[in-house]
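Naming follows writing order (A, B, C and D), and every chain is counted from residue 1.
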Amino acid sequence: VDPLVERAESVAIELGVKRWTASVEDVFHDTNIDAVIIATPTNTHAELIQRAARYKKHIFVEKPLTQDVQEADEAIQTIHENQVSCQVGFMRRFDPAYQEAKRRILAGDIGEPIYFKAISRDPGSPPPAFIKHSGGIFLDMSIHDYDMARYLMGAEVTSVAAHGKILVNSFMEEFNDVDQAITYLTFSTGAAGDVEGSRNAHYGYDIRAEVVGTEGTLFIGSLQHHDVHILNRKGCTHDLIPAFPERFKDAFYLEMVHFIDCLRKGEKPSVTEVDGKKALEIAVATKCAFETGKSVTLSDRVKV
Amino acid sequence: VDPLVERAESVAIELGVKRWTASVEDVFHDTNIDAVIIATPTNTHAELIQRAARYKKHIFVEKPLTQDVQEADEAIQTIHENQVSCQVGFMRRFDPAYQEAKRRILAGDIGEPIYFKAISRDPGSPPPAFIKHSGGIFLDMSIHDYDMARYLMGAEVTSVAAHGKILVNSFMEEFNDVDQAITYLTFSTGAAGDVEGSRNAHYGYDIRAEVVGTEGTLFIGSLQHHDVHILNRKGCTHDLIPAFPERFKDAFYLEMVHFIDCLRKGEKPSVTEVDGKKALEIAVATKCAFETGKSVTLSDRVKV
Amino acid sequence: VDPLVERAESVAIELGVKRWTASVEDVFHDTNIDAVIIATPTNTHAELIQRAARYKKHIFVEKPLTQDVQEADEAIQTIHENQVSCQVGFMRRFDPAYQEAKRRILAGDIGEPIYFKAISRDPGSPPPAFIKHSGGIFLDMSIHDYDMARYLMGAEVTSVAAHGKILVNSFMEEFNDVDQAITYLTFSTGAAGDVEGSRNAHYGYDIRAEVVGTEGTLFIGSLQHHDVHILNRKGCTHDLIPAFPERFKDAFYLEMVHFIDCLRKGEKPSVTEVDGKKALEIAVATKCAFETGKSVTLSDRVKV
Amino acid sequence: VDPLVERAESVAIELGVKRWTASVEDVFHDTNIDAVIIATPTNTHAELIQRAARYKKHIFVEKPLTQDVQEADEAIQTIHENQVSCQVGFMRRFDPAYQEAKRRILAGDIGEPIYFKAISRDPGSPPPAFIKHSGGIFLDMSIHDYDMARYLMGAEVTSVAAHGKILVNSFMEEFNDVDQAITYLTFSTGAAGDVEGSRNAHYGYDIRAEVVGTEGTLFIGSLQHHDVHILNRKGCTHDLIPAFPERFKDAFYLEMVHFIDCLRKGEKPSVTEVDGKKALEIAVATKCAFETGKSVTLSDRVKV
């Protein structure tokens, strides 16, 4: 489905899909269609979720779930009322490294998690047109790490503080956004953590996480792309992961396999609209903390 | 196709394939079938290639091409006479690391290749029943490295010498086979190299290669499986690649994509029956060198 | 020199030094002695520096320079009036990795530094008796990273914010200290950075730094101790650096070589009382930022 | 001591040594001198060892012990008759990585060693004048790996085979030497191994070893020099160890500490004239194997 029907057609042909349309209504009215994937701009998510749910379509929606927490609450209500499934596109949960990390933590290999540390660096900023509607670095970028924080720490975030600056992309000033930021988090278990977000990793796509535990510590995050090292008089060099499609190729595939698999088996996806809302709450609170220069307690403002 | 039709059926269902049979004739006679994959024991390759080619089926055949060089010559002749395509299952050529290595070598990043070094270690020996008909470590295992030697060095092997021993699997004595071997190679360009083959890497599946060049040197071969490190008082640990399906998952997929893609475009595969024969010749010569304790010159015995 | 003369004696014998004493006066009055090393508790630094300088002894003093900024100012004045040399024990400046990093930055290899990131994790907390007089995690521990921030970024710190928690060592509550903390820094060049300090790295001594630049980025910090990897069914393991004497063995030696070398050549050490004071100012400001929950601007409170 | 007294003088001044001479007799006759270090060309070792031993001087001698096995036998006899200590300069035994490897093997961490693999690559060839008198790649270079083979495998070498070629340095033809060689070894325990020697590692000094055991496998050999990684659009680069003084700085120091320590305590060094002879025997046998193209059994030719 694409309002530009030619674009819908060309993608359909590329993917070997037999039907395409410019109208989302065609999909909603088609009783042969069980589920929809919502990969539109964030400001359209809320309405599309509402309509899809009322037409009893199961939903896969890209992150963030909605633009704000109120929209998220309304979406969750409609999803529940219509008893459809909803999976949110936090694909990192399906990355083999993050899954193995979660497995090891659950197996007790690091004891109790006490500190979470994450770095997400993009190789450059998206264009101003994107940044303008992105919701800012915390909602657009660090939200992935907030979800990972909840996933790996097995705990809810209870407070946030944030700092950041424009280091390279001066155009962001207009949108009250920054290209480098750090979030400090505390968790319901008493643990703490920090999350760095950056648009300035000109060297590649740099995604790392650490979980310090009482009995062991866990690192995720190779920066290496091809498994080839070149050695010469200048040293030993390997290439770096250029961007997210290379880093999360398997994860994007596996999250879709999981979605379809859950539909077939009548099971609930492992990452739902509730996870979407919780990560959104952290991001919204962080944005508030950044703007006010004060810590924000989530329990004060969050009523699930 | 499987002589045990129940096995054919269960695999067909697993893969969503609509037809299955116990008789290879059904495939050969079906004019809707353009190509066949021969993944049977090595001693059946020659006959199946002959028949497939005569029925004008394109052929994907697992390595080694045939049992011996005479069979290979006959297969090549029939393939050529019937103008069908043939791709040999040297999947490493489609592994992203080996492809990147080849690309870098062709780009001149290491100057002229002067030394090739490879290690292939299996986590354990196949059972005696397999070893018995395997042709021995050089034909069954090191043949992958001989193909990589030709591919990465951009040269033909001109002589071989070999040494080896049984270090763990005493049952191999019965089959005149060894579980650890080294091949010394010289190349048409004046370069040299060595290839270690081992069945004794109880720690995992360990596949590495190096190409020393006049201007740079290139290493391939991470042993790491998941991108997760666990740190505790005992040190920092990552898991290891357990076996070939994990190491060459992408390569197995990509070689099949290439085969089909070539058929669609009417192009010749990048690794053909001729490559299959040349690797076989090296393996046969190496086996001879090992048994006689003398270097064997390939140009003496090889007439393509 | 040790007030317990037996301890002075035993160390002197161990080191092959021919004289020892319980009285620092003996050293000050000895005109054959050119320089002193002050490695006493921090609260004695100021007085010892004052006296050493008045006796015209050159000074090597362990970090932090003094307990507070006023003491530092007075020490600097006396050092200058008496025209003696003073080197502060920021040994990381002499670590080969940090020196190479500085060399590469000065060579322009990473362009302009825009972000500094450091992690310093101790394998465990010192005992309560030490923590009580340590000045807290920012003055005792992160001060090394503040010095590295100035050194590697080639800039002064202009503001700080800080967060932290007790995650393991509940006894610290009594001393208003924490065992995990993060400092957010801005620099005179417009750059920013963060510094993590932790007493909870039960896995070893973990010291890392990154400098993100406009043209390249630089990582320092191997966690590996011996250059030995053990591979078995559990994975591939290397040991970890257990504590600071192993990590900074060369640096401790080289800082002393530099001190003596400067004295011999009549040159000023590369890290002086002024660097000592500046790192102290950052640490004091960070402690204040942590206690108030607000950013602290250094230019407001610092008059050099 | 140096026949060129000016050279002796300048080194003495550099090292703060108070006496120097052009005559080795001055040393032998000086009863205050307990021990000598023989770091002269290999063809002078035998005579100097003989004389030093007769003057009751303890001896540290660079590898190889002597030029041939007969000289070695005579040296050993004289050393024993005069009851002096002799340590041979196999400094790798004092390298912290090799020592840790040995410790882990003795602790049973890899079970029984079954395969030894070593690579020693120099960044380039020494000049023709050196190669001429070097004894060739097996005696000059691979001898270090033969000693490590004995040390790490805890076994004697029982047979050798060898292959090699000139790949870069055509001048070596004149001296019947090669710049790339491989030795295949079998051990008294039934284990096997291979040793690569090369003069063609233009990228740096590349020393690696592996011991495959029945329960675990052990790798030694980082190629990294400074602990600094530079990341940019070209990838992630670290520098490489340029030459042996950087790689074995600690080992050269520690072997001398051990020598002096043993003298002080009246203990036998951990690596003696007997180890020197055994490594020499392997090297001589390998040279013979290379020249004849046949395996050489050491038990046939060696009577200790």
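In the analysis below, a contact is a pair of C-beta atoms (placed from the backbone, for glycine too) under 8 Å apart; a residue touches a chain by one contact, two chains touch by 3 or more.
This is a predicted model, so every value here is computed, not measured.
If you take chain C and chain D together, the chains in touch with both are A, B. Seen from the C-alpha centroid of chain B, the farthest chain centroid is that of C.
With centres taken as mean Cα positions, chain C sits 56 Å from chain B.
In terms of their C-alpha centroids, the spacing between chain A and chain B amounts to 41 Å.
Within chain B, residues 202-203, 215-217, 224, 231-232, 239 each touch two or more of the remaining chains.
On the chain D side of its complex with chain B, the touching residues are 114-115, 117, 121, 161, 163-165, 167-168, 180, 182, 184, 186, 190-192, 194, 196, 198, 200-203, 212, 214-217, 293-295. Put simply, chain C touches chain D in their complex at residues 96-97, 100-101, 104, 109-110, 215-222, 224, 226-232, 239.
Across the complex, chain B is touched by residues 202-204, 223-224, 231-240 of chain C.
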